[in-house]
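Here come two complexes built around subunit A, the first alongside subunit B, the second alongside subunit C.
Let's look at the complex of A and B:
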């Protein structure tokens, strides 16, 4: 990846990320870090400050966050880590760096309107629990949203 | 020559520094006959030259002296002293800066520099012709000091003042002096016993005849002026006669009321009649009327009959010349940090509570026990930066002492075999013997985990502390018997109330603002009010006592002689004042009040910034030493007879901006000779009419060089001037003058290089516009009633 740093990413780092003083509050409070020891938002922030944004965008860490926003709450410096991770994902996606699993998920949404497939097993369990039958989503509206959010282009550029 | 004072002019050649550029002979010739005496000197600052001027003043009966030489920042005081001895009043002595403002900056333009020199000297001559004598106000000071706060800062300051022979009134709100320091069993980095070193000092305070110790009392009102304050002190009802109580302690055991003891941070208890701790000073008991049930049992056992159960608050009045604020700190309330469980789990305590737990005379009486549950403490986890370095959830600053006291407590715990873990972001131990103290703590086996704790959770009888170990890059989940939070030291409501009463500004965190953070850290922004210790920000005991000593000496200095107050004050012509109050709104020093429907200036509070004068719609105000007539005479003298092609008056703030202009001269930066500088305390002194007057009498441009807001002696006034300049610009347009002819800039001392560009740009703007047309000038002259 040889691209220059996107301008809004640079602004984000200069205005927010630079305040990170590596206290570890984010990692200490992170449920993902508890389950996946190599997931470390603090190190991600340090890498951004030190100019290693390409490594961060092309790595898999940013996709592990569950966006529970606990790090956002506890950060004493107001870095807003979870919001930054969303931005990083957007940048990665624009640069064609989104992982295939993620793109498959987008395709799933594009074709059905749902994030998880409506399998026979699901339908059976719903019936047993007395839940109503699932109506089909309005796929054309979902498709429109996908156009507007550039997801279509992303999928075409990098087929999973 | 007119009938004004007989004036002598001396022009200095400064070797070749001035004479090499300015035609000094020509200058002297121009003033011959215009003033009573004019001559030149090679070095005006030499002793023979100064003596010569003195002799001339005496022999020829001169009443005014103009010295054209280097910047007044160099020798003005020397000249003043010498000429005042010869009988001249300081209002009649003017230094004209022809080196930094002429020869050094117009080297390539000797003719322009000479013309400018002549104009500037003429301005000074005309100004002196309008001078009136100035006498500094003399004020007797009250040679007594009020020290507020009886902690280690207040104790140290009081003792030092008393040692000097100064009368001290030490006011403490609690029943005993000693402050927080008396709560600590040991102090870092020496680990010596805090009570052993402080108790003798407390005893000295009570015995010193120069110290009037007033405990269990609060300052309720302060009025008056620096050097003579009237202070009202409210004595809380103590219920015990200090004179009669022998401190025998018979009363306390019979008292049926038991309440939490403040001295033990409420971990222990006391009776409703109590001494906070055995070494209390004064040693007398106190009745806590908040919890006393008035059963009278104590009365029965008090042999000296010292108890007064119907005691009432009393008010006393003190008169002091100076005040030292030493009201210390409180701890940030850790209840705000909900993830740490303070107040929810009995085994989460603050560092201050831990001091008491560690004290052999603390609530555990030497045993290390968890409060309430009384479980023995075998392992302790410290959470540093619990609310400090945390602008989101606490305070943005580093509280400075927490690392060190945590290290101290860790050593004390390790000495008793307790497991200690410190969770930190950074260990900060700069200070004498502090890094060594950190090493010693490591050697005693304390464990250090880098990474801020995010959560404290109950885990059977213990606590689970969760955080990152950033060094190992793993999650830590440790179990401790006790968790100690280290919250930041914060200012107190009492300090804020006091600051408000004294009109002493505080910073964004509520700490008392120093007069200058580097160069005058013990003075506040108010004359005669000093501060020591944590009231100006978190600090250790070493620094606190140094500050207390320093503040005491500053108070002594302040009160050692009668105060000479600069006679540069604003004045009001009472007959013209209609009491509209516009000046009161503007005055940055709150020095103006309305009395009997007229504005009245407190000369002791007035700083002389002049900001009020333009605000008066009745033109009822003026300033001593910088009167309307002096200012106008100077403008007229500089401009009217001048033969220069383009003339620009630059009003320059007299301290910061003026020094920057001097520095530009020192660096020999070249700029056009069209600028003629008139120093002012602040640009807020300027009226629109001064600017119109300058244009009417020949100025083609007017420049205002203001200091940055809050810089320099009249800093607060500088905030006002920029907006006024904006208004003046609009007014100029209404008078047919293009507003580009008025320039406003703020100049900071290090900005002096920028001045070259500022001067050049404005000069070429005015050159481009050309001289102001004669019709506009004639119109202005007519408007201003000039002939």
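Let's look at the complex of A and C:
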């Protein structure tokens, strides 16, 4: 990766990340860190402060956060780590570094309006329970809006 | 009391029995549910938020506009939808420049965000119904039932947006459990995330989070677990069946969505609310009901 640091990433680090004083409250409260010991949001903040943003964006760690926002609540410095992780993922995605599973979810929403297909089995269960038929999403409106966002380019670059 | 009923994807398309129990229970206590014509996926809090946050807000805003046209506040029954729609609604009301950018996109489909409605979760709406009114409808108080609540993450956090209950020590779901005559037990790791957000990239470790939680709930001798989000429901009800422990028998902990437990207390039968569609049998709980 040879790109220059995007301007808004630089602002994010200078205005938010630098306030991290490395106490580790985020790691101590993090569900992912319980399941994956090498996952460490404190170290991620340290890497950013030390200028290693390329390594952070191209690594796997940023995609392991569950977005539970516990670190957001417990951080004594108000760094807002889970929000920073969302921003980092957005930057990584612009550079074509998003996991393909994420892009497949967008394709599903763009083509059906939903994240899941409506299966025959579920239609039968709905009928058996006396539930109304599922109302269709206005998928053409959803697709049109997606066309107006950065998701369009991301989906073109990484098919399948 | 009427609400634009935002179903999302997971409940109508994968867990329709939760939709059934929710409709029956809410209507029984006097909440009118209005279907939202043309509503879609909320905006999707995991993939789409992570790829392009403004796209996430844009898709959410379209759904908010539908409720604005209906002149009704939104009731969500999925915490993923709740986080998404609430974040969009609060942010678009707070940030004029964001609102301008999103409204420019919405104009392509003839819509405009005006900021005229609120987004609420099911616990919030039941509190508005009021404890006295719910109590008056109870036909089968759940005396002696030990419930382990799992409030989940996005019902509560990030708190500056969500502004509902204490983000780390919530009490409102537990209160609604006690209202039904049941006991809400204390247990360790109550605030541990279900791990749904990790599934896409590391299924095995996401399952490990489920196992950690079920271990402590089993040790606490709960009769069931209660959730308010379909992602948490799938994690604990379905994934529970996939977990093989080396030294112990398989888990057998019934997992109910709050409106299912409420339906039982309101006197609805397990068959009419489709409890048979749970992956982990709810029979051990039903046997204990008074």
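In the analysis below, the second predicted complex is superposed on the first by the 142 of 160 C-alpha atoms of A that agree within 3 Å, B and C clash if a C-alpha of one lies under 4 Å from a C-alpha of the other, contacts with A are read in each partner's own complex, and residues count from 1 in each chain.
Everything that follows uses one rule, which is that a residue touches a chain if its C-beta (ideal position, glycine included) is under 8 Å from a C-beta of that chain, and two chains touch if they have at least 3 such contacts.
Remember, it's a predicted structure, so these values are computed and weren't measured experimentally.
Trainee: Do subunit B and subunit C fit side by side on subunit A after the overlay, or clash?
Mentor: fit
Trainee: Kindly classify A:34 by the partners it touches after superposition: subunit B alone (first), subunit C alone (second), both, or neither?
Mentor: both
Trainee: Figure out whether A:148 sits in contact with subunit B (first) or subunit C (second), or with both, or with neither.
Mentor: The second partner, subunit C, only.
Trainee: Taking the superposition on A as described, I'd like to know which of subunit B and subunit C A:68 touches: first, second, both or neither.
Mentor: Only subunit C is touched by A:68; subunit B is not.
Trainee: Please determine whether it is subunit B or subunit C that touches the greater number of subunit A residues.
Mentor: Touching more residues of subunit A than the other partner does is C.
Trainee: For A:77, select first, second, both or neither according to whether it touches subunit B, subunit C, the two together, or no partner.
Mentor: The answer is first: A:77 touches subunit B but not subunit C.
Trainee: Scan A:45 for contacts with subunit B and subunit C and give back first, second, both or neither.
Mentor: neither
Trainee: With both complexes superposed on chain A, which partner does A:24 reach: first (subunit B), second (subunit C), both or neither?
Mentor: Only subunit B; A:24 stays clear of subunit C.
Trainee: According to the stated criteria, A:98 is in contact with first (subunit B), second (subunit C), both, or neither; which is it?
Mentor: Second partner only.
Trainee: Is A:138 touching anything from subunit B or subunit C once the two structures are fitted on A? First, second, both or neither.
Mentor: Touch partner of A:138: subunit C, not subunit B.
Trainee: Can you give the closest approach of subunit B to subunit C, taken over C-alpha atoms and in whole Å, for the superposition?
Mentor: 7
Trainee: Considering each complex separately, which residues of subunit A are in contact with subunit B in the first and with subunit C in the second?
Mentor: Common interface on subunit A, subunit B vs subunit C: 34, 74.
Trainee: Give the list of subunit C residues in touch with subunit A in this complex.
Mentor: By the definition above, subunit C touches subunit A via 9-10, 12-14, 16-17, 19-20, 23, 35-41, 44-55, 58-59, 62, 105-106, 108-109, 153-154, 157-159, 167-168, 191-193, 195-198, 200-202, 205-206, 208-209, 212, 274, 277.
Trainee: Given the complex with subunit A, which residues does subunit B contribute to the contact?
Mentor: 339, 385, 389-394, 425, 450-455, 466-470, 473-476
Trainee: Quick one: which bits of subunit A touch subunit C in the complex? Just the residue numbers, please.
Mentor: So the residues of subunit A in touch with subunit C come to 31-32, 34-36, 60, 63-70, 72-74, 82-83, 86-87, 89-90, 93, 98-99, 101-103, 105-106, 109, 113-119, 122, 125-126, 128-132, 134-139, 141-142, 144-146, 148-151, 154.
Trainee: Touching residues of subunit A toward subunit B in the complex: what are they?
Mentor: Answer in residue numbers: 21-25, 27-29, 33-34, 37, 40, 42-43, 74-78.
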